[in-house]
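First up is the structure itself, then whatever we jot down about it.
All chains are identified by letter, namely A, B and C, in their written order; residue positions are counted from 1 within each chain.
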C-alpha cells in the first residue's frame, strides 16, 4: 500500500469562520493504483489533491494523517514538506498551461528546478530526453519558451517535469479540462503510460469528467461536500453504484465509456450545502431521493464488500 | 508623482474557489465590501486625513480674510495672531493655505473627472467595439501617452494670458487620460468575453446599454480607484505648473505659495513657515489618497486581504 | 519583431508630428495675442517703436504669409534645426541656448532615473519578502511618491544646504570657478550636483519601490510560482523568477514615467538655480520668451521619444515573449 489517508481534516480560514473543505477523509491507495476522484466543483476534491502536495495560504491542516510508503507526510509544515515534494509526491496542476515560467527556456527552467533540489542536471538529462520521446515531444522543446508550445505540448511537458524523479504518488488535477477532445485522450493515455512503465507508483486523477476517469482509473472515489461518498473499483462504481449521489451522477451521464469527452457532471437538482459549518447528518440528505429519518445521523464510510466502501445508511 | 496603479485589475470580488461557499453577488458583495471597508485601517486613516483637509478647504476660507491682502507685519514667524506667520509682504500664510487647499481640491476633482470620463469613453469604446475603431483610438491613446504631459501643459499655459484654477484643471484633464483608457480597454476586453455580457448581447441590448448597464458596474470599484489616482496626479501636475510660474493669474494655490516662497528667497531667509505648510498639505492629501487606494484594493480584492 | 518596431516607430513619428503641430497651433489659435504681449513687455513708449516691434515679431512668428505656408515654413525651420531666436538672450538662437543647458539636465536626470529605478526595484522586491519590513517602509514610500518634487527639493536645500550647511545651494558650480578638469572644480561640481540629484532620486525611488513590491507580490501568486513551490523548489528560486518577471512591467513603467520625471527635473533645477533646461524654462516664462519655451518643449519631446525607443529595444532584449516565434503582436 503506497498511500494511506486517515481522517484528514483541512479547513479554509475565512473571516466568517472555517470552511470545512475536507472533513474526515479516509482512504488508501495501493501500489500501481490509479484512483479517479470525482464530484461536483466545490466538493473538496481539489483541496484533497492540494493537501497531499502543498496547502495553499488559506488552508489549515486541522487533523488526520497522510502516510506515504510508511512515512508520515508533514503536510501542515510547508518547509518540511519540501523534502517529499517532487521526489515522493508530485503534481500535475490544473493550470498546466501557465505552470512554466514564461521568461525562461524550458530546459533551463528544468535545470534550475532540479539543481535547486540538489540533483545535478546531468544525472537526469538522458532520462529527461527519454521521457520526452515517450510522450511524443522532441528534445528540442527544451530550447524553447513555453509560449512557443501548443496547449497539448505544454500539458505533456509539465507531465514529464512533474514525474521526472519517479514520485511514489502523482496527483493529476483536471489535467485535460483545458484541452480539446483528441488531445485529451493522448494526455490520458500518456498518464496511464507513466504508471504502466512504473515511472509513477500510484496516481490520483482528479476530474469532473467521468468518462476520462472511466478510461484510465482502476478505482473511483466520489466526494460530496467535503467527505467521501463512495469508493470502489471503476467497473463496480459505474455499473453497480450504491450511494444515491453516485447513482445520480452516473445516470446523469448518457452512456459512460462511450466516448463522451467533455460531458460534465450535472443535472442533479439542488446544490451542495454550505460547509461553514456543514449541517449535521448525511450531507446529501437535502438532495437525496432516498433520505429517511436515520439520515439525520452521519453515516460511516464503511466497506460493504472488499474494496467497495459507501457512506450511506441505505447501502449497508 | 508616480501614480501607483492598483495591484489588481480585478473588478468585482471574485469569490475564489473556496469549496462549499456559494458565489455571492449583488447585495452580498456590497455588504461584504462595506464590512471590510470600515475595518481597513489604511482606508479609514487615509479617508480621515483627506476629509480633514477637505473641510479645511471648504470652511476655512470663510473664516479668514483675503489671502493676498497685506495685513500683518512682514516676514513674521508664527504667532498667536498669525498661526502660520506671514510672508515677506505681510500676507497671512494660514489664509493662503486655506484658500490654496480649496484650489487644490477643485483642480484635482475637475481634472480627474475630465480625464476619467475621456479615459472611460475611449477605453470602453475601443475595448467593446474592437476592430478599426479600436485601432484608431488605441493609436491616439498611445500618442498622448508618450507625449510628455507637463511639457505640453507648459506650452498651453504659457500662451494663456488669463488663467484660473478651472482652466488649469481642464487642460490637465485633457492630457491625463491615456493610461485610464488603456487600463479600461484591457478590462473591457476581458469582461466582454464573459457570459453575462453575451447574454445581454443575445437579448438585443444596444451597445451603449451593455457597456453602461453590464460592463461599467462590474468595474465600479476599479473606476473609483482610477479616480483617486487621477486626482493625486492632477494635484501634483497643477502644483508643478504653479511652481514654474504658470499658475492661476488671480487667486492663490498651494503651488503658487511655493513659487512665491522660492521667488522671494524664503529658504535663504529661513522663513520655513512659508514653504513647509503648502508642500506638507499637498503631500498629506495625495499620500493619504494613495494609501486609501491601497486600502480600497484590499477591500475589493479578497486575495489581498490580510487574514 | 520588425512589425513590433515598425509600429512603435510609427507611433513615435506621429507623436512628433502632433507635438510640432501643437507647437505651431497654440500661438496662433490661443485667445490673446502673443505679439502684443511681447511688445508690451518691451515697454516701448513711442507708437513708431511699437509698430516696428510688432512688425518684427510678426515676421519672426511668420504671420505675414498664408496659414498653410506658415505651417510648412515652421516644419522647414524645425528640420533645419532652426527654432528661432531667443528674446531673452537676443540674438542668441534658441537651439544653441538649449544645447548649452542640456548637458547639466542630463547629468542630473540620467543618474537619478537609472539609480532610482535600480534601487527602487531592489528594495521593493526585498520589502515584498518581509511582512514587518513591508509594513514599516511602505508608508514612507507612499509619502515619497506623493511629495511634489519641488517641495522635497526646497526642504533639502533649506535643511541640508542652508541650515546644516552640508552642501552648497544654487548654481551648478561656484561662481568663482571656471569649468576645467581640475580636482577642485570637479568636487565643487559634484557637491552642487548632489542635493538636486538626491531630491529627484528620492521621489522617483518611492514610486519604483511601490511598483516593484506590488508586482513581486503579484508574480509570487502566479501559476508558475505555485508550480515550482509544489515541486519543492526553495523560495529563493521562486523569488528570483518572480523578480525577473516583475522587472518587465517596471521597464514599461520607466517609459511611461519619463515625462513626469523630466517635469520633476525642471522644478528641481528651478529650486537649486541649476542652469539646465528647467532654469531656462523659468527664465523663458518670466520673460515671455515664447520661442525659447517652444524650443524647450520640442527638445523634451524629442528626448522622451528617443528614450522611449531605447527602452523598447531593451524590452525586446529582456522579454523573450516579444522575440520568440511571434511577429511582434503583443
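Observations on the structure shown:
One rule holds in what follows: a residue touches a chain if its C-beta (ideal position, glycine included) is under 8 Å from a C-beta of that chain, and two chains touch if they have at least 3 such contacts.
Composition by chain, UniProt nomenclature: A = Dipeptide/oligopeptide/nickel ABC transporter ATP-binding protein; C = Peptide ABC transporter permease.
Keep in mind that this is a model prediction, so the values were computed, not measured.
If you tally contacting C-beta pairs for each pair of chains, B-C comes out on top. Using mean Cα coordinates as chain centres, the one most removed from chain B is A.
Chain A and chain B have Cα centroids lying 48 Å from one another. Inter-chain spacing, taken between the CA centroids of chain A and chain C, is 54 Å.
Taking the mean of the C-alpha atoms as each chain's centre, chain B and chain C sit 22 Å apart. Residue positions of chain C with contacts to 2 or more other chains are absent.
Within the complex, the chain C residues that touch chain A are 222-224, 226-234, 236-237, 241, 244-245, 248, 319-321, 324-326. Listing the residues of chain A that touch chain C in their complex gives 53-54, 56, 81-87, 90-91, 93, 95, 98-105, 112-113, 116-117, 144-145, 147-148, 158, 161-162. Of all the residues in chain C, the ones that touch chain B in their complex are 11-12, 14-15, 18-19, 22-23, 26-27, 30-32, 34, 37, 139, 142-143, 145-152, 154-155, 157-158, 161-163, 169, 203-204, 206-208, 210-211, 214, 217-218, 221, 253, 255-260, 262-264, 266-267, 270-271, 278, 281-282, 285-286, 288, 290, 293-294, 296-297, 300-301, 304-305, 308.
The residues of chain B lying in touch with chain C in their complex are 1-2, 4-5, 7-8, 139, 142-143, 145-152, 154-156, 158-162, 179, 232, 236-237, 239-240, 243-246, 255, 258, 261-262, 267-268, 270, 272, 275-276, 278-280, 282-287, 289-291, 294, 303.
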